[in-house]
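In what follows, subunit A forms one complex with subunit B and a second complex with subunit C.
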Partner chain A sequence: MNLEVFKVFAESNIWSALWVEIALVLLALGLLVLELVLPANAKRTIPSVAIAGQIILLVLASIQLIQMPDDCSGMYFSQMILQTPQSAIMRIFFLLGGIFVSYLGTVYLARRELPKMEFFHIVLVVTAAFMILVQSHHFVVFFVALETLTIGFYVLVAYCRTSSASLEAGLKFLILGGFSSAMLLFGIVLLYGVAGNPLLPGYSTDSMNFSNLATFITQNPTNPLVLGGAVLVLVGMAFKIGVVPFQIWVPDVYQGAPTPVTAFLAVCSKAAGFIVIINLLNGPFLGLSDVFIPLLAVVAGLTILFGNIAPLSQRNVKRVMGLSGVAHAGYLLAGVVAILCGSAIAHGAIIFYLFTYLLGSFAVFAVMAHVSQKEDEIQEIDHYENFAKHNPFLALALVCGLGSLAGIPPLAGFIGKLILFIAIFKAGLYTLLGIAILGVVISIYYYFGWIREAFFHIYAIGERGTTDDREQLVDVLKPTPMHALAIGVLVTGILVLGFYQGGLIDRLFYML
Partner chain B sequence: MDWTKVFLSILLLPLVAALVNMLFLRRNGTTAALVSITAAFFSMVLAMIALFKCTERYSVSFPWLSLGDFQASMGIYYNPMTATMLFVVTFVGFLIHVFSVGYMSDDPAKGRFFTGLSIFMFSMLGIVLADNLIMMFVFWELVGFSSYMLIAHYWNTEEARSACKKAFIMNRIGDFGMLLGIAWTYWHYKTVNLQALEVFSSQPGFVIHGGIALLLICGFIGKSAQFPLHTWLPDAMAGPTPVSALIHAATMVAAGIYFLCRIFCILDAQTLEVIVWLGSGMVVYAGICAFAQTDIKKILAYSTLSQLGYMAAAVGLGFPGLALFHTTTHAFFKALLFLGSGSVIHACHHEQDIFKMGGLFKKMPLTTALFAIGTIALCGVMFTSGYFSKDAIIEVAYFKNTPVFILLILGAFLTAGYMGRLFYVAFLGSPKSQNSEHAHESGFFMLVSLVVLAGMSLIGGYTQGWAPFARQLVSGELDTVHHQIVSLQAEGLFSVLGILPWAIGFAIALLFYGIGAKKDALQNHLPSVYSFVNQKLWFDEIYGFYVRNVQQRFADILNFCDVVLVGGLLVRGTAGLVGVVGMMARSLHVGNIHIYVYWFLAGLIIYWSFAMGYF
Partner chain C sequence: MTLHSVILVAGILFITGFLGVLLRRNTLIVLMSVELMLNAVNLAFVGFSRYNNTMDGAVFVFFIITVAAAEVAVGLAILVALFRRRQTVMLDTINQLKD
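Then we have the complex of A and B:
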């Protein structure tokens, strides 16, 4: 290649397009510098710097999103980065996620003798990687971003080095994650190889590019190598979102990981996985829709059923959240199938659902972080006995969060589910819709079992006397004003979005 | 002036007060009272500003929920009805807030009480302002909830506990019909917006759907406690007296009438006929029932039922303006009577039996005088507010429907009878118990509300003094009535009829019961009549029978299904299934990483074979 070619390539390197990601990484590096230069007693401010920086970025990114013209899609970096309204919205999503994870991190780390600063550093880097991942339009960028965040998660899951449960979860996640990455990479290589074969129609010299790959696959939809490669890539992503049968790692890892990391995995990692799946299925794999629609529909149905039946007998709330997260992945996957079936509103519905899921999950995880004891992996439903009486504010957050996850009106989760189910209905997927509604009904049992434990006394006559003199079983951390504010924001968000969406949904439908 | 902001402030101020009280002031009752009163005061001031300054119809609507082509909105529709009702609700509401400070002064749960009052104000104002049926229904239910919450204020008494349940369930029955009616309205007329419905109905060729109207008035029957759902209102007197005054006399029960007036344009002739007979029947029925009551609040409760009957009759006869006119005056004098009785109950250490009172005029002369003003206004004595509004309705009945006219006249006579009985027995004569012996005049907060309400009870009927915009509501209909009466040359008749019923009623009550009687004369002399009246036509018994023998049987059958089918097969079956799944899950989640990897490979193979079409 001569100089001219490089010039052409370099022209599309508009670094300012990635300003949020760059700023996040700079912030992460800045935290390292602060850790070095600050005196020991001033290091307490580092988490606040991380959170404040993210809030500033959130405000700026929101302003950019609001002022964004309707037609703002653009390809940068030699077609490696594709920016769409979706990627701008997801930036907001991941920033919100990063902020709340950092908040939860401060609650979690307050009780433990662990290195503090690295946690926030990794969270920032992973957040940036999420953003790159959902903008990637090329398998190389895609894989690099995916590995960046996966490796970040390996560290985060095993963050509590003194806990054998955390280490065990980290090891399991490392091995299974490595395994899934290997499958994903194998799939990418297969696709790259077959799409670069000059003997086949529509071949391309740059077959890692999603657009080129889409052209190729449309012309060779039945090629076994194409199918094999696509299935391997799909399996790699199915691991990330934890759908049947790749949900197997979820309960163990969710339970062992520190609570903030569990929340990060449950919300942001899942959301990123879904956006990637939508990007892939709507892009390169569009030609394979006939194959993937039945496959994903079956998987979605099984995932909903598994995710809702498995937590019924669970007493550990982290496992409950993990398994119910599997169920939510099932609903979202049904939404993805609806997109493939041509439902116009399904895309917006998924994004809205993700936002309501973020609010509800973080509200619950925030409460869990306050209840969590020294052994973070042992968080039983029994710990919530008499909870509401002693912690009315946290109990309110718990009810709003769980109610929203269960989809009880008038909370945000209800509207999210309603729109998603309407999208599924409009796509004509009636069986899937039936399974999803059945799943929602089942889910009320375990979500409300938890609420019942927190709110209602269970009379045990003759054992411990009247209920009034019974105390809490565990020592619950009182939320500091800043944490109360963060929880208040979540609860307000859940309530406001439940009552009034202010055209937000229409706007989403319009933008996507 | 930006009226949207004004109306929103009127609506939202009580909500803010309720939230502040609920979140921060549950244990600080005095501050909570101050917060609620402040909110009620500013709502009232803004409502008065609107009443005098906002002299045109005004509507605004915000989209709330849109799903495809279905649009639900939240909005405000302001017309003379709204103006009048806004004033009544905020004005009476504010005075009752003030009264409650004195009445609830020794109550340990003041914070909860004032939170409830504020939630009620918010919900009631929502009904008044609502521009569409869906929004109205939302607030309708909120009103039902706050009523439930406030009736249950003394939750540690059995009476209050069962009364709040009864009120809620009776209301739910009516609301269910109303909900069906709203859904049908949307389906049939393609809109639930009140203004749009008004416009539609004025177009030629518009046919009103009778079924919808019948379903919609179910909401009115429940909320305004009309036949056959009337039984909850007397029981609701178990709540604190200010609540009875505000919710179960002045405003909430009148919401049913207001609702009828708001949807008047889609009520057909047959439905109106139903309303007339429901209303005029209730006038007489409740009037008779009141004679068997010895509890001062229950007498007033039956009187409320009977007055609601007058309002319903007015709507049914095609004069919604007059119905709201009577609603307005009734709000003043009935709130006065309830608060007066509250003052008496407070003074007599929560003694509510009128035969244990007596001689109160010596102990609490001001309260007695004010109660007397309320009584004459209720009975429609000349030149009080009740005279104007009630007589207008009777005059309408005279030229529209003679049987109804007779019932309404009979009702007026009964009203004077039971109110005379109440007044002679409780206030005159000599004290008949320790409690009334030691009665004393009430404090400032209670008296000031009573004085203001008494003033309004006297002058509220002079519509010439009303704000011009609100007067539009009644002036046209009053003129029509006047012309009709003049053309029928019945002025002379009505100058007599304006005096006769209440004069005879008071006189007979005086002769029969005497001053300060110790025992109920009816019970003594005519025990069979008394026990008949006391049965209230066996409604509670009939419902009890129905619940015991029909519903309970049905529930037993369902319970059997529940135990055997749901409990046995579904739950145990599911539990078994879950157990199996759980065992499978446990065997999957052995924690053994090798197994997990094999599981992964198996999953991959399944996906791949599916994709290759092997399944």
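Then we have the complex of A and C:
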């Protein structure tokens, strides 16, 4: 037995490169231990431990990002992990997402008789899986990371096991998730099989590696198995990010899932999906750009139109958020097409847009978590009647969040949309840009309908009574000082990024 | 046994599973169809692995089996919990969430 081979493999296993992910998983395991050893009255500190641990990791990862040299890309673990400036930035993104989801989890679980610690445990593991996913450079790591987070999400969506809506959402998500994973896998097997075929030019013995696959595909761009495999992989990813025509699960799952999980799905899952699609299209599938540019442009246009027209008739705010999330996926997909068309700033624009989307979405979901009643799936726009009068602080967060999602200046979402649209314009995709701007105009209708319900008195006729000072319809959870701090951070982020981006955008464009 | 016959069988299995997910209304059968699709992928991996003379595909099969087992464990747990509340596993009747 030749041990030298193993020595060569082991030399590239630099575990310190994955220190954030390892620390997150250790923290998750630590929570399990704490649940066992702590006395019953001390167990309520577990969520604080989870959030504090993530904040420490966020600070450390930010320091590492700031001090990072410009040329810091590296391949580890026998070329299975590729670390780039993008993966370092996305670590910050997912840590922020994990922190805010944990915070929403404390709000959500405060009102319900549910197991508490498991929620934070799964959120931490899924956050680590997101980070591995965006660094993967090999289909084995890619698949394992993707399934770790998908199965974590099945559990999280069905977390409220006393609610049949949550269970139903979990079941729907599981069936469609398994279905899309199977298609993704069939695509992978076709690519693996054809790229390892010794009879074809450019074949490789490690054909699941993205670099080898890229070499192979540029030499055989018209092979039917290559095309079929690439399309199946993209279909599998399209299911995960919910673009037309694979968006059917989005409204139901978003409505049934607990509010923090809806936020997690809407923000982090979508972001990870897009980074993976960029990695794939910009890496292995670069040789197929001629096929994918028109295909993705049509899909992006349809997604924007669907995502903005479908919420117009909705009264349930979780469905509105889900469907408008489809529209945001459409804008981002248009940005991906711009990358393929050679726009230099599109990549940075997508990452910046994702950050503004994170801030805006979490501000809105934070308000929703406070308004949510015992039946979490029933969150109607009517619940926001007289909202601003009784909860001015939450109403401010709602306006900033919705305004940012709609893209109203001077909020962060406006700058995000502006840069993304400039990128699309520079790529010469004028029709797509027109559709996107039309979509933004339509989206203002439903976002502002929600704000109107919260701020302006609507003279209801008949059974609801017409006195001006009537009480709110639902009982809103008052934010504790810590919750107010978290919402304050989100609102400040939205306002600051809207007025002043500093060198942030330049740095982003420079790094990517 | 040529590569073509292996891939043909895998393709037929995959399409059977695909149609099963789309057409059947019993949740258990739908879950079984998803498993059938995953196993079609396993068969194709083994076939390609043998033909290409690389071990990656054969190793990947173990990951797929593990993931499929985890998925079924979560799926059946959700299904049992749902059955306790609704006394049904038919997809037609599991339609509380809709427009």
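Following the convention adopted for this analysis, the second predicted complex is superposed on the first by the 503 of 512 C-alpha atoms of A that agree within 3 Å, B and C clash if a C-alpha of one lies under 4 Å from a C-alpha of the other, contacts with A are read in each partner's own complex, and residues count from 1 in each chain.
Here is the rule we go by: a contact is a pair of C-beta atoms (placed from the backbone, for glycine too) under 8 Å apart; a residue touches a chain by one contact, two chains touch by 3 or more.
Since the model is a prediction, treat every value here as computed from it, not as a measurement.
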{"item": "Contacts of A:252 with subunit B and subunit C, given as first, second, both or neither", "value": "both"}
{"item": "Contacts of A:501 with subunit B and subunit C, given as first, second, both or neither", "value": "first"}
{"item": "First (subunit B), second (subunit C), both or neither touched by A:448", "value": "neither"}
{"item": "Partner chain in contact with A:9 - subunit B first, subunit C second, else both or neither", "value": "neither"}
{"item": "Subunit B versus subunit C as contact partner of A:140, first or second or both or neither", "value": "second"}
{"item": "Contacts of A:19 with subunit B and subunit C, given as first, second, both or neither", "value": "neither"}
{"item": "Partner chain in contact with A:425 - subunit B first, subunit C second, else both or neither", "value": "neither"}
{"item": "Which superposed partner A:312 touches (first subunit B, second subunit C, both, neither)", "value": "first"}
{"item": "Partner chain(s) touched by A:179 [first = subunit B, second = subunit C, both, neither]", "value": "both"}
{"item": "Residues on subunit A lying within both footprints (that of subunit B and that of subunit C)", "value": "168, 171-172, 175, 179, 183, 251-252"}
{"item": "Complex contact set, residues of subunit C against subunit A", "value": "7, 14, 17, 21, 27, 30-31, 34, 37-38, 40-41, 44-45, 47-48, 51-54, 56-57, 59-60, 63-64, 67, 70-71, 74-75, 78-79, 81-82, 85-86, 94, 96-99"}
{"item": "Of all residues in subunit A, those that touch subunit C in their complex", "value": "139-140, 143-144, 147, 151, 154-155, 158, 161, 164-165, 167-172, 174-175, 178-179, 181-183, 185-186, 188-190, 192-193, 196-198, 205-208, 251-252, 255-256, 314, 319, 377"}
{"item": "List of subunit A residues in touch with subunit B within their complex", "value": "168, 171-172, 175-176, 179-180, 183, 224, 227-228, 230-232, 234-235, 238-239, 244-246, 248-249, 251-252, 288, 291-292, 294-295, 298, 306, 309-310, 312-313, 418-419, 422, 500-501, 503, 505-506"}
{"item": "Parts of subunit B lying in touch with subunit A, wherever the complex brings them together", "value": "63-68, 577-579, 581-582, 585, 588-589, 591, 593, 596-597, 599-600, 602-604, 606-608, 610-613"}
